[in-house]
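Next come two complexes, and both contain chain A; in the first it sits with chain B, in the second with chain C.
Up next, the complex of A and B:
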């Protein structure tokens, strides 16, 4: 997972801002961005935030917890509904964002920046392995494990997901 | 945990009309809605029994509608609730256990005048969007309330109300691969004690909280057996399932024992780790949510103290103390009159007319919101 240099790439996709400088786990709407050698930040994309509702509370597992891809790294509460935040990668939790715990609205206002959630120790091999488990994936809206890395593929997945949600009335037009 | 799980725990208790013959009778092919009535439970078991069902449904047990009623009063925190928000000394002195649940919502006072219900089903069976899942799983409860003569409605905040009053508390959560929504039939509500168990910075906020609870939270003293029967019919119909009496399976029974231990532990009661306030910031405001859009708050900034009730974005009542100044009491009264009845967002502008004390009071207001208000 190569770190990106310079300004982060952003695009407007189906009415949402989409950062193209990171990888995405399509089912959970989590993004993964390198933040240093063998470490990556994890957060939730704006579509995941939107479908959660107004965030009331966030909590994360303690620093040092060993995560496996698909396991919870915390809990999100919105509309009195508590649900797990699912890690898109395996690795130890190296840091948690106290600011977003104090003010969960940060994740809504700045999902790609100040609203990051945790940092995990993650290797390129670990992410690549997660990606390879997804070789049998189907359409770009599909619920599946693995991370999307290619900007064109990310944009296509995101646009299709927004269209699907709008068709179902899940989010506003 | 010393509390034994009696052999009959989880067995279906008689619920008058709980299984109407028409429910599912014409659709024998449909799946089962397991109905479990735990009857009276200890405070601890009134939580752990249905949490165990969550783990059971996650592991493959059928969709389940369960009921219980606590045999004794207690206080229950939502998953993210702060233990410090409970007056633990008062609770200890009055023998009120304090427990934490795995689902969301606020801190609540619970007693034997409330019948709890829980609907639990596989996560894949509910919409991925939370408000849709909640609406889907609360609407049958509204149907049941109406069936027993309560003109309830599910409002835009997804609260079950009669007019402007909430008549049913609820919380929801995902337990492994199951989703559970819980709520209650409130036959009588002890508003005074519900306000008293909260840790609040002063009597002014407690008095305002009690007043708002009396105004916005109401009991519906209907026949609980009729309500439970209506619930069974409504959920079976809404989910297209056939209601079947049931009980906990062996794995769920073992899970109850595990959860008894977990819920009794200090670590679980303490709740998720929360960061310390950022350096240099005011002491966090104390906010109490009475129902959606209805809050009391107590906040301070640089000696200025605000205690306020906020209803649907408007300051309903307020008590202002500038502190540390020679601000005349008459000025405080005038400021209180000026702020009362105005939108929350206009408070700073109004208080700007009250000089330096007004600016400090405006900062205290700002420290309390507006995020969750």
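Up next, the complex of A and C:
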């Protein structure tokens, strides 16, 4: 992703590892990373995972399902919490990670890698254009989702969220 | 309730025995910020549930219980439906209780069947009561109890006692708790504990834990609710949930309709004064009729307390022990609500109850 050239791929922010080679949907903690021509991998960042509690089950919609940015592509169930997994982009589901379905702990242990959740058919341009400040609501590839792309902006958002979650008492201390 | 306590898993310290260590429920761990996490619905959980921890585990072998000695399950299976109970140092726990005391409503220490359970329960209760004013309950293991010990628990500062009878008839109790591979629990011993606790702790300070769905009839349940109510003893309901690896793993949980009707009947008996004659039963002794006017029943349903978690109250009489998702997964419908049910919840409750088929 050209916008990130020269940036370190990972940073440590407020005690959490933060990957800076991808884009984030700030309300849902979902990340998007192009994984091939016209496809992107989607997962949840470690802060989203951590504050959900110990994961018990992940389930995803079937391959082929057409997603709209902001619509659910699955469900996360943790020890005391259940909630939808919200797609940060629009596009068809091309693959689901069966390994993380079998072992949800993968998403806890390796949220940026082996713990990815689905792949969707979306162009890199579509992801790149899906900027938080972009209000072009007609863009089917994710503009509505308002993705963060700038590493400095991502880091600031992430640090603020950690502080907020600590205040709310959902992070162990 | 011992029967609904999930098994420990390998997370956290691998070993650690009471009284220096104690297990805490996952909801308690989140409340005390031992673990990260949140709840599906926004509410303030103030109940802290503790469980004694021993290398030998619980020495009983109840057919439905995750702590049963003879249970066979891999760690992954064990943690699938029920969640881990983290192990914490007791002194660290006490520090956290002090730190979060304003938000806490009730602490419950669950014994297990073990030779040191009484001694260690007293030790832990003393450490807590020396530092905090949160009311303390003990879910006792009757094999380890006598009247002197009950009096001692009271003198330490314990104000309520729970007895995990779980099975509501002597025959059922024998089938799943006594005459089992490593069983031996005695029905009469449990009732002796109920009687002793009632005498020592007083009216409405003793509760009997009852698991719905172990094979009993509704008539069995309601008869027990009446008998306990007449002795000013509370019935606390728990919904059977099959534990993988236990002897009752294949048994289905009770239907939501049956569960809701039993919840309603319990409320009518315990707080509205209904006797057994106000209820009608079918040929299988299932609850078929409530002899009451619809407005009276609708009032109880709308009040919704019948469908909230049965648990010891907080110091000001508020719900104290909330144990959210204690016997079901967060993705399933609430069996008991750890908060006052909202309008949408009441809609679900009414649909499940199907009152039109219950009222004359």
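Quick notes
Definition applied: the second predicted complex is superposed on the first by the 142 of 173 C-alpha atoms of A that agree within 3 Å, B and C clash if a C-alpha of one lies under 4 Å from a C-alpha of the other, contacts with A are read in each partner's own complex, and residues count from 1 in each chain.
Following the convention adopted for this analysis, a contact is a pair of C-beta atoms (placed from the backbone, for glycine too) under 8 Å apart; a residue touches a chain by one contact, two chains touch by 3 or more.
Small disclaimer: the values here were computed from a predicted structure and weren't measured.
Aligning the shared chain A places chain B and chain C in steric conflict. Touched residues of chain A, counted separately for chain B and chain C, are more numerous for B. When the shared chain is aligned, chain B comes close enough to touch A:101, but chain C does not. Residue contacts after overlaying the shared chain place A:75 against chain B and chain C alike. Once chain A of one complex is fitted onto chain A of the other, the partner contacts of A:83 extend to both chain B and chain C. Using the contact criterion defined above for the overlaid structures, shared-chain residue A:172 touches chain C, although it does not reach chain B. Shared-chain residue A:62: touches chain B; no touch with chain C.
On chain A, the surface touched by chain B in one complex and the surface touched by chain C in the other have residues 51-53, 56-57, 75, 77-83, 170-171 in common. Chain A contributes residues 50-54, 56-57, 75, 77-83, 169-173 to its touches with chain C in the complex.
Interface of chain A with chain B (complex): residues 51-53, 56-57, 59-60, 62, 75, 77-84, 98-99, 101-103, 105, 165, 170-171. Listed in rising order, the residues of chain B touching chain A in the complex are 78-80, 102-105, 127-134, 158, 170-174, 272-275, 277-278, 371-372. Chain contact summary for the complex, chain C toward chain A: residues 11, 26-27, 30, 33-40, 79-80, 83-84, 324-325, 329-331.
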